[in-house]
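A, B and C label the chains in the order they appear, each numbered from 1.
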Amino acid sequence: MKSERIIEAELFSAAKPVTVTELSQISGLDARTVRSALDKLAEEYNGSDRAIEVSKMGPRYAMQVKKDYKDYAWRLSEMEIPKDVLKTASLIAYYQPVLQSKLFDLIGNKVYEHVKSLEDLGLVRTKPRKNSYELTTTKKFIETFGIDARSRTEVKAWLEGELTKKSSPKKS
Amino acid sequence: MKSERIIEAELFSAAKPVTVTELSQISGLDARTVRSALDKLAEEYNGSDRAIEVSKMGPRYAMQVKKDYKDYAWRLSEMEIPKDVLKTASLIAYYQPVLQSKLFDLIGNKVYEHVKSLEDLGLVRTKPRKNSYELTTTKKFIETFGIDARSRTEVKAWLEGELTKKSSPKKS
Amino acid sequence: MMASEMDCAQVINHLMFQKSLIDDEPQDDRESRIGSYVKTVEEIQRGTLMPSEDPFERSVALVFELVVQQRFDPWDINLIEFSKLYLAKIRKADEVNLVIAGKIVYMAWEILKLQSEQALRRAEKPETVEVMFDGWEPESFDLFVDPFELGSGEALLYAEEMPIDEKVRRKSDRPVTLIDLLDAFDEAKKESDIRKELAKFMQKYKRPDFDDKAHKESLEDDIASVWERLQRCGNGPIPIGDLYTSGKEDRVTVFVAALFLAKMGKISVWQEEVPFGMIFVEAKVPWDIVQLEDASALATVQVQNVPVVK
């Protein structure tokens, strides 16, 4: 079994960039062999017309989609924030400031878990109000999505604009 | 930009097995081109000594680590199904639809625990029948084990094929 | 009055299990049983508020009512037969009264739930064979238990290496983008609109006596959650089993939610073979906004068209 194939399997299955030490630990190959395998792989992948490359970032290595093919790649990969949490985030942005209890009516009891994780991510802020919580988006929310807005009112207006843009050609 | 390279990028980044339709929607390539690109990629990957293969599971395709290199693959949050549970899973796949009580005759009372965990993993479906449960495999079963089948009948046939392939040289 | 009694007897006959085929119950007993059921129905009929003037719907509702009130064994109702009869009826009808359809389906759901609870209780009883053979070696079983054809699968029992193994795929995630947010918003908005629509529907037409029952679960929650699971399964027909997550109650939930979603025009539901074939569901329009809007518009129209019933 060729060492570069072993390293290939490791790089492919690793979700994040990995160091030579890590690669060596898992493969049982010594560091020197790992390095030479990495060189071979980089040559093989990067020199060809393939859509995948072996790239080095500081001390870490990763297998990734080449820049030219990025546009085709990202849509199928899993999102950092799960889709249903993202949905809740978008509703908060649209209806903000909105009471958690009001949101409950819209999405049911998963609201608690979602708001919790959005708060942990720093995307949503909660403030006790009327036996519930008032929810608003944060500055980090704006930054994360690169929304052209400087306040939550603008975020709301922006989403509203997107919504009408989408629905208008279809109505009537 | 060659179509097979676009598909390669998509497959590489896809978090789960994908269909021709999905690949086509994202690449903008028509289904026929996607299919032929998939064929080319399968030939290129599977025919070489690489550690990665392009595998077909009924209507879905995925890039995955070849069996021989699995032990070197980065173990993340893969399920890691214990061997004896895997055995129960294969028995269910082979005899499906099979009553849990029948399976009990084959493997004893560990069947209850195994079926429970296979059901929790979404690999096996249970349906009350004749004071027991009828067990069948799911779509997730097909994807998890990378079986080229689109129905449980095909899963069964596939397994039968594997068994006859295996058993002939092994039986003494 | 006579006519309605006849109708009622016929419907009950249809809905009841074909007992004579299933167990040894003599024909006479069966008839007297049905006779007594019909009598009870007649008694109940006077005191109960039933919305429909249609003898079929009335009879079905009454029979279901009896089960829900625990005066019938839920397993005496043949829900498959019911769905066949009801579908046939709906296909023929020019206009479907959603209020009554909703009530009847809801009642059928309750019965299905009662049935599954019983089935579950039965299944959970340890099988006697388990106690007998606990700790025994499997080899000695065939002395006692009727063995089934092992075929080449027997090799699996003794094989060291399994023909199946988990495939290792890449697990990558990526930062979310604005497009993701917009897509999510689009879906979320539609889903919450469906929920609002449903909430209104359920509010308007809920049967008062359901409130007293243990069914505090919100049907809207169930429907919304099943809709989401369906979305997660992606394009194309999906065996309904793939929507189950866990537990037996979940199956009932999924099934009923699927019926509602179908009624709302969001999904198609069909079965390969009646009565035991696989059931498939397919979201009519997961990605296509235009059609989904049409579908929800249709559902709204249907709700509005429902004649006002007390």
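Note that in this section a contact is a pair of C-beta atoms (placed from the backbone, for glycine too) under 8 Å apart; a residue touches a chain by one contact, two chains touch by 3 or more.
Predicted, not measured: the structure shown is a model, and the values here were computed from it.
Could you work out which chain's C-alpha centre is the most distant one from the centre of chain A?
Of all chains, C has its centre farthest from that of chain A.
Looking across all chain pairs, point out the one with the most C-beta pairs in contact.
The chain pair sharing the largest number of C-beta contacts is B-C.
Could you state the distance in Å from the CA-based centre of chain A to that of chain B?
From the centre of chain A to the centre of chain B is 27 Å.
Round to the nearest whole Å and give the separation of the Cα centres of chain A and chain C.
Centre separation, chain A to chain C: 37 Å.
So which bits of chain A are touching at least two other chains?
9, 12-13, 15, 74, 77-78, in rising order.
I need the residues of chain C touching at least two other chains; which ones are they?
168-174
What does chain C use to touch chain B in their complex?
116, 119-120, 122-123, 127, 129-130, 133-136, 138, 141, 145, 147-148, 150, 152-153, 155-157, 159, 162-174, 234-236, 238-239, 241-242, 244-246, 248
What residues on chain A touch chain B, complex-wise?
So the residues of chain A in touch with chain B come to 1-2, 5-6, 8-10, 12-15, 18, 26-27, 49-52, 63, 65-66, 68-70, 72-78.
Within their complex, state which residues of chain B touch chain C.
Residue positions touching the partner: 12-13, 15-16, 19, 21-22, 55, 59, 62-65, 67, 70, 73-74, 76-81, 83, 86-87, 89-91, 93-95, 101-102, 104-109, 119-120, 122, 125, 127-128, 131-133, 136, 138-140, 144-147, 159-160, 162-164, 166-167, 171.
Would you mind writing out the residues of chain C in touch with chain A in their complex?
Residues in contact with chain A: 168-178, 180-182, 184-189, 191-192, 195-196, 199, 218, 220-221, 224-225, 228, 232, 289-290, 293.
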